[in-house]
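Look for chain A in each of the two complexes below; its partner is chain B in the first and chain C in the second.
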Partner chain A sequence: MFRFWPLWVLLLGGLLIWGMQRPDPKLLDSVLVGRQAPTFSLPVMEPFRAEFGPELGVHENLDKPVVLNIWASWCLPCRVEAPILERFHRLYGDRVLILGVNVQDTSANALAFVREFRLTFPSVYDKRGRIGIEYGFHGVPETFIIDRNGTILVRHAGEISAEQLQGYIRRVLQ
Partner chain B sequence: MTRFQYPGLYWARKILSVGLLLAAYLMAAQVFAQPRPNIPPPDLGPRVFEIARDLRCPACQGESTAESNAAIAVEMRRIIAEQLAQGRTEAEIHQFFVERYGPWILYEPAFGGLTLWAWLSPIIGLGLIGFALWRYQAVLRARARSVISEVSEEELARLESRLNQAPSEGRSL
Partner chain C sequence: MTPGMLGGVTIVAALIFSLLGLALAVLAHVLRDARYLEAAKRLSGLALLSALVSYGALQWAILINDFSVSFVAQSSSADNPLWVKLVTPWSALEGSILLWASIQAFYGWLVTLRVGKSLDIWRAPAVLGTLFAVQVFFFAVILFVSNPFEVVLSPPLDGQGTNPLLQNHWMMAVHPVLMYLGFVGLSVPFAYAVSAMINKRYQSWIHETRWWTLVTWGFLTAGIWTGKWWSYEILGWGGYWAWDPVENASLIPWLFATAFLHTAQVQERKGLFKTWNFALITLAFAGTVFGTFLTRSGVIMSVHAFASGPVGAWFLIFLLSVLVLGLGLLARVSSEIREAGEVQWKSREGVLLGGALLFTTFSFVVVIGTLWPLVVEAISGAEVSIGAPFFDQISMPFAITMLLLMGIGPLLPWRNSGPQIVRNLVIMLVALVSATVLGLLAGLTLGVSFTVGLFAYNVTAIWLMISQGVRERSRSLGISAGQAFAQLFATNRRRFGSHIVHFGIALAALSIAFSMTYRVVEQRTLNVGDTWNVHGMEIRLLSIGGRQEPNRFVALAPIEVRSTSRDGWGSDGHFQTRLNFYPQMDTPLATPVVRYSLYNDYYFVLMQFDTENRQWATLKIIVTPLVLWLWVAGFIVALGTLYILWPVGSRVSRREATPVAGD
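Entry: the complex of A and B
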């Protein structure tokens, strides 16, 4: 048994190092997938109020699937995502609600971001980031795909590409 | 005694006074330059930080929700404070975050299910080490016994007779 002690040392050392590794939160499965999406209603950002009303959110009875995107103006991947989300809103806006949730931001910076990218899909303002915690988010950006029944189908952590978003929307429209 | 009579003493006093003032200033500066002790801000009680210490900060590397200043950790602490004010217990608050983030959010895994291994593995490890040591000792004892049994009766008798001889007659074996 002790003849192979270097092997044991390597094995135990490897186990220790492996055990100390922190799992990447982006790769963690969300416990909310397959469950009912947390409901909320938040104030709509000023540029969208005329079209979408004073408050918007996720409710139990949705008339269409929701692509919930949590973003902040200071987040670099959000700058990459914004034109993609806008493009899909123009393509699928009548069948899918693309809803932005601005978190951990100032309203002035969030408004400047909306104007810079000429966003027309609605965003709500959640300064404290409480809704993000309700959805178990780790950081911006994160996107949740919610079907018509209000069930979370996908949690996408990090930047979303056009191909990924296309796949999610096709899936939710099936 | 004037400064003109003993100019050396006068300047020594001056230098001493200035030195003392400088030392006092430096000590005060040291005190104020100390980093703030890690105490909770007045609006959040220490109980909030005790509970937050058990929770990982979702946006950080190796920091608990109590230690981090990330916006998400600040909001989590606020939620803990709100829930404590509502009379929720520590277990209920833990459960609130587990329902949203999964058991990953807890530094200490729950005692049960798959995570039972995390709790039992040190005991199993100690047991294995104990077993290995016991086996090693057994091998050593067996080897010692076999060495003794390999010595012939004649040789043992010869050695004993040598040992029983007077020290003056002693010779090297």
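Entry: the complex of A and C
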């Protein structure tokens, strides 16, 4: 048995390497890509009610591409993304709806987050985790790019960079 | 200078000092020049100093709520009480590896103090080199993949908070540190073994290595035991061992180290089992890396898993390197190693070898059981889980054989057994059988009765050994039995210490058998003011209330308990059952109230309550007999280990050096 020790070490190593190669749920393509985005309507956060009304969401007659960003005030990558999303909202706000969905959070913390980054793109509260069920997101942040016809083009899990967002927006505006 | 900068700079310094130390140790080994060895010793001190400063910087950042440091932003909160802030470094991945590396540097430095004394200058370079290499690995992991001191460009006003499960109990301050002291400590015996194989000195390493292994074994045992206690106190299911992959991972190095502690004695006295000892120490250290890999790679799901990341691949490379180095060296030298004789089964070394085989087999069973779901998935794609039933069943015969060997082993003389041993064995078997029969007559199950029998058998064995030693000594020196006992106890630390440890293990087995067989779980929803008669207790729900604490909201449901029959003995009192709500967590954490008693433990958990009108609450009670004795047993094992290790004065040690009757 001992004479074959390199074989045992190789077998163990192979098994563990294989174990680590198994797909991370974060990196799996969403089954929703290429399909119609689930529609929803959720209460708008207080600072945006005057401009966007009491409820907002994804629905058939929106006639605008949507960047759906799922965030929480306690998530560090969300803090990196917030200024980027805000910048794109100021640039493309008239042609693309950038919509934040606040999940797993308290209203007070979420409002403080909006104030801290002086966000002007609208966000909605998802207290009951509806988005989680319908869009099947794995963690925060996560971003869905939905084209003018309501089809999901991309699911981006994790932090999004300015270059990536630029690329996605260019695609939906073509 | 900010804490983040200080921490970052000192991590780089620690890595550089460790790399230089490694280079110098290699030079000292190749050139056989003691000046390089001296320099390597100094670098070990500098690396330790840098690691401590870096650790201090992390602690400092946590204390002053510096959320520009990534670790603090991710794993701490301004509202945390002081004690939580003090234990926060090891509540998440990056900080835990920094603590690990600091302890590694500390052990490395301790070993340098032995150079020129018990560690001769021929073996020292390879020992220090191995330890420096391990240290380089940890500091490199911190610097390149898991740095707690990353800069957060727009720092949040408050951090994400500490994992609620870990701030729910003070045991968080104890269990992980003991585990790390045990895990990291096994690198020292490994380094001694590597050096012995490189320098082809197969005998001189064993004495000091046994000492180091016993120290880390003590920490590991204490770590495993406090882990059991923690899970018992906090997880709300009333159990203490779930065969979770990470619990298994802590058991694997423990089993190998236990086997080594026994076979090392045989090598010390008889020069046998040299190959075994090299293999066991390599596997014990590889076991610690394997456990660390499992918790940090995301390969296997577990309650202990840290967030996974690229660290896993690094630990896998490290694990394979340890196995290749240890087993490769052993394969190279195994043909040269000459055993000093044959093993006879009816002798102490025979039983010790049997014990080592048993521990090794069981460790491999645990390894295979832990990895089996992965193997099945690799071959067939099916997802299976192997849980407690499999391990409970497989560990039973192992435990019984171990308890049987534990009784006989120390009683047998070295080499071959004589006729007096037969008499002792008969007495022990009589104890085994009569205690088992008494248990059955008292209405206990067969398994529990047999465990009672095994306990009696082991206690009889210890009593026989002590009484025979005392009788011989008092007769030969003409002193009273009391004096003889006191002298033997003071001079024969190894032997008496091992008696104490073995007694602790037998007591633990007894407690496990009772607590697993006769556990009672009941649940009931009560209105405020209602009483519930259950298992010899009358439980009254007094009220439902709540209070805000800095880091959590606490819902309280005080109850009054009165015992009404023998089943409920010792349960009387007022208890505050509670649920803790942490802002980071959707579901509340139950904090059980445990009423300890020498007979039953009573465990009260608030499961649910009426949040609107505060009219009702759902309570769970768990009654577990004799489980308190498991913690007592752990304490006894720790005491026995300490007794063996306690530094002896020169007067006593000289006496210890002369062989004593019965040893």
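The rule is simple: the second predicted complex is superposed on the first by the 154 of 174 C-alpha atoms of A that agree within 3 Å, B and C clash if a C-alpha of one lies under 4 Å from a C-alpha of the other, contacts with A are read in each partner's own complex, and residues count from 1 in each chain.
Following the convention adopted for this analysis, a contact is a pair of C-beta atoms (placed from the backbone, for glycine too) under 8 Å apart; a residue touches a chain by one contact, two chains touch by 3 or more.
Every value quoted in this text rests on a predicted model; they were computed, and no experiment measured them.
In the superposition on chain A, contact of A:R170 is made with neither chain B nor chain C. Looking at the shared chain after the overlay, A:Q104 reaches both chain B and chain C. Of the two partner chains placed by superposition, A:R95 touches none, neither chain B nor chain C. Legend: residue contacts after superposition of the two complexes on their common chain; A:E116 is shown touching chain C, with no touch to chain B. Of the two partner chains, chain C is the only one that A:L76 touches; chain B does not reach it.
Looking at the shared chain after the overlay, A:L32 reaches chain B, while chain C stays out of its contact range. When the two structures are aligned on the shared chain, A:Y135 is found in touch with chain B, with no touch to chain C. Chain A residues in contact with chain B (one complex) as well as with chain C (other complex) are 2, 22, 104. Considering their complex, residues 70, 73-74, 152-154, 156-157, 160-161, 279, 293, 297-300, 312-313, 316, 319-320, 323-324, 327-328, 331, 334, 371, 374-375, 377-378, 583-584, 586 of chain C touch chain A.
Here chain B touches chain A in the complex through residues 58-59, 61-62, 71-72, 75-76, 78-79, 98-102, 104, 132, 135-136, going by the rule given at the top. Across the complex, chain B is touched by residues 1-2, 22-23, 25, 28-32, 103-104, 128-130, 132-139 of chain A. Against chain C, in their complex, chain A makes its touches with residues 2-3, 5-6, 9, 12-13, 15-20, 22, 24, 73-76, 79-80, 83, 104, 106, 112, 116.
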